[in-house]
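Labels run A, B and C following the written order; every chain starts at residue 1.
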Amino acid sequence: MMQKRSVTFLGMMSFLLLLVSGILFVSSRSIAQPPKEVKTLKVGSTLPLNLGMGVETKKMLEVIVPKFNEAGGLTVQGQRYTIDLILYDDKYSAEAGRAAVERLIYQDKVKFIICQIGSAPIVAGLATTESEKVMSFVGGASPKIVSPKNRYIFGTSTTRTSIPPLWTMAKRVFPSAKTVVFLSPDDETGRARANEETQVAEAFGVKVLQVLHYPRDTVDFSSIAAKAKSFNSDLIDYPGAVAGTQFGLQLKAMYAAGFRGGQISAITPQMDEITAVASHEALEGLLCTMQGTEVPNPYPLAHEVKQDYMKKYGKWSEASLTWIHGWFAFVQAIKKADSLDPEVVANLIATKGLEWGIPNGKAMLVKRPDLGNNRYCDTCAEMAYSQIKNGKLAFIGRIPLDEAVSACEKVFGGKWR
Amino acid sequence: MTSALFTQLLVNGLATGMVYVLIASGLILVLGVARIFNFAHGEFYMLGAYATFALCQVLQVNFFISIILSMFVVALLAAICYRLIFHHIRGNLLLCAAASMGLSMMFERGALVSFGTQERGLPSVFTGVMAIGDAALPVEKIAVILLCVAIMLGLYYLLMRTKLGKAMRAVKLDTEVAALQGINTTMVYALAMAVGCSLAGLAGGIIAPLFSITPNMGHAMLLKCFMVLIVGGLESMLGGVVGGLVIGMTLSFGYYILGGLSEILLFSIIGMILVFKPGGLFGEVVEDV
Amino acid sequence: MKEVTVFILFGILILLLPLILKSPYQMHLIIMLCINIILAMSFAMLFSTGLITIGAAAFWAVGAYASTLFVMNLNISFWLALPLASVTTGVIALVFGSIIVRTPGVAFVVQTMVINMIVVQALGQIDFLGGWGGILGIPRPNPIGPIKFVSKTHSYYLILFLLLLTIVLFYALYSSRIGRAWRSIRLNPRLAQTLGINLFRYRLLAFIIASVSAGWAGSFYAHYFGTIEPGTFSVFKSIYIQIYSILGGLNFYIMGPIVGAFIMTLMPEFLRVGKEIEPILTGGILVLLVIFLPGGILSIPERISFFPKMLQDASSSSRG
């Protein structure tokens, strides 16, 4: 088979050629940086650029970080640093997330990673970040992130700690509620949140009649809503729901199925997406969190962040606000430790804690004795809440930081401070 | 289960099922007449939804006119795709599958880049609730059912009573002989693709006010569509109708009765059909393509 | 003789690769490349009998999860888990295969897709199998003497070994009577039947072997990557596997997958052009390929060789 052999030969020659050129290409990309007066600190991030929240967080970081650099950047031990943010797409998946983290650590040589959102990419990258001693300030809902085995990763979003304050507020808004039904997506986040919220609800004396899980990409909620309605609970809660149109569809279906009780959501709904699919009546009365930029008297940081974002992009989107905590925590942590050594910084804040400001107000690191972790590893923050009135979010009150931490201690147990 | 609840679930199942019927019929038409297995079929559904959204929401065109216009847009796009791509590889299953997969990737990502990751929605056109017996049924679901039935009747008329329909059926039976009879087969293939994909586009437009519009809605729908094909067979329109309704009903009642395990129920039904009637309920086992 | 020299040089390059490429990230790419080659070869084997599958990732998943569960729950060594997982994959392939191989053509394609979906769904829904979050902290292969499999270099040699084993096995099969039977089935099934070739048995054999090879690739992958989640094994991946084969050349059951996987795995790294539009480019390339170069990259030499021949004919006839 002459032809086959010459093809094999040709194939191999081209393979060889491609391989050699590839190696040369890739190795040529690491160009040495000329020494400067102001040094550059590389900071990494991976975001789900296939999802709105990922794209928005990227956009927000691209506003905050340059402004920070312009204002003088970071000063550590007398040396000024500008931050070079390197960002990759983790596609909200473990595989891509792990690859992105490895690229950040081995190729770009970062020592700090911030603002990752999905549990899947974060947890997949954990083995590498821990073994290479890279500090991470991330979001994510999984409790594995704050496991006591980890030394360099800190959960800086309030995903695990936002439910007790929410229910504190819920008890004020719906004082006579005794029963609740949960509607959750059937994925890692949905199941984890549903478990967590069950624990919280019961600690507040509200019985969970049923947890209904729906496949992730459901659009037709008619049957699920019919089933949920059939329990005739006082409340419906939506742990782990995604904030956009799908949530609106759930509300629409619940209303069509005849449910008229109280509704709670831990996330801030995207009002423009939700009102596009559901009528005002269907949305009325939903209790949800409110971002610090939308409250009647926003804090200066909230105001500033919103102004800067709108100056660059024209319209405003609050989708990133839950996820940018990592950046602020990172900056504060470095300042507090006055060091760029992850070992030093991590040890300091794990043992002494950290407080910092975010658009929502004050945030602090807390311990998680309920998860066996006596290091400061997770985050509680001040929260604001609203109810939907006439198709718009109406502010109803705040839960300050202290009260939020106390609520968490009450539900999960242990001393968090 | 009360009778009200039963009626509600029945209507839900019918509405969902009819949508599947519409889309699956399009796929079967293209497969049968043009012998093209179009993996990008779901994307035409998605594009129909976006086109309707763009016309209705952005240009403020009347909803029904938007649907009809989007149908033409999708049909045109499908015909172009046929002429540029599928014409050359018609009949070769793998190449068609590969090319349509490539198209599917391009369309989906293209929609994502053009329209953004934000999910879109159209406000309901038919608001309000209608009472049948003691069940409160959303009017828009009934509207969906009626619209789909009307379109299927239109399709039936097209295939059975018009010259084009006859030509399509002739080509499906035997393309060489059809050509000998003077039928312009290329034209028929292109039109089959146009009609088939526009059915999907119409479905997209119809459900736009009911559900959200996202760039990846085509994928999920395509999967359901394949299930319809497995149940009903690849060959017959009747199979498509039965398959679509079976899947729709299973999902509707299944969720209520079994909760999250309804997907498993669906897969089990599919599994059983695969084992006992591999060609689908109305299909034959085709020896070798 | 020239060819042998190239072979040897090539072989040396492959063996010494870890010394040339220092970065663990680049080694990771090469390791993924080797896995992708095995997967693409799996697709190609089925294609050699005329069957098109978009469910290869499902068997990759079975191998990965089976191996993981064996090691983590039954505490057995990776070296035992690898063959066990392969056997498990084989059994599952036997079960599914005997159902769906009866209906080749479009039905088969759809059925493989549905199988892939069912597997992913089951892996996601069943908590024992890790659920949607998957399984983490999968241990490395048990050390053989001083080799600990912690560094990428060791993993590389392991996958290289597996890959070469697969290639040798497949080559042997293709050269044998079985391979000839497969090719005749692909060319003309009716005719093959008249020659006494049992379509069902040979196709099922191909299905099982192809799936088993995806299975051992999966076992390696699980213990190398340390994390497995259902999303990795979706139909999307199966479609990519198909593209590797088509890009390389469908008529080349071993070289095709190698070339195709090489380009598809490494090219995105070189083109850092907007990660967002990457699927548009890949999709576009696929469409263009299918129209203009259906035989894949390796069919180019064939096409080029026409030219000199044409010139030769022209010049010889003019002398007439």
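One rule holds in what follows: a contact is a pair of C-beta atoms (placed from the backbone, for glycine too) under 8 Å apart; a residue touches a chain by one contact, two chains touch by 3 or more.
Not measured: the values here are computed from a predicted model.
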Arrangement of touching chains [line / ring / star / complete / other]: complete
Farthest chain relative to subunit C (centres taken as mean CA coordinates): A
Averaged-CA centre spacing for the pair subunit C and subunit B, given as whole angstrom: 32
Length of the line joining the C-alpha centres of subunit A and subunit C, rounded to whole Å: 36
Multi-partner residues of subunit C (each touching 2 or more other chains): 125, 276
Junction residues of subunit A, two or more chains touched: 186
Touching two or more other chains - residues of subunit B: 112, 260, 263
Contact footprint of subunit B on subunit A as seen in their complex: 50-52, 55, 186, 212-215, 217, 219-220, 222-224, 226-227, 230, 244-246, 248-249, 256-258, 270, 273, 276-277, 279
Sites on subunit B touched by subunit A in the complex: 5, 8-9, 12, 16, 112, 116-124, 127, 129, 136, 138, 141, 210-214, 216-217, 220, 251-256, 259-260, 263
Partner subunit C, residues of subunit A touching it in the complex: 3, 5-16, 18-19, 22-23, 25-26, 49, 88-89, 93-95, 98-99, 102-103, 106-107, 119-120, 123-124, 126-127, 142, 144, 186-188, 191-192
Residue ranges of subunit C in contact with subunit A within the complex: 2-3, 6-7, 9-10, 13, 20-21, 23-26, 28, 124-125, 131-134, 136-137, 225-229, 231-232, 252, 255, 258-259, 262-263, 266, 269-270, 275-276, 298, 301-302
Complex contacts: residues of subunit C adjacent to subunit B: 47, 50, 52, 54, 99-100, 102-107, 109-111, 113-114, 117-118, 121-122, 125, 189-190, 235, 239, 242-243, 246, 250, 276-280, 282-287, 289-291, 294
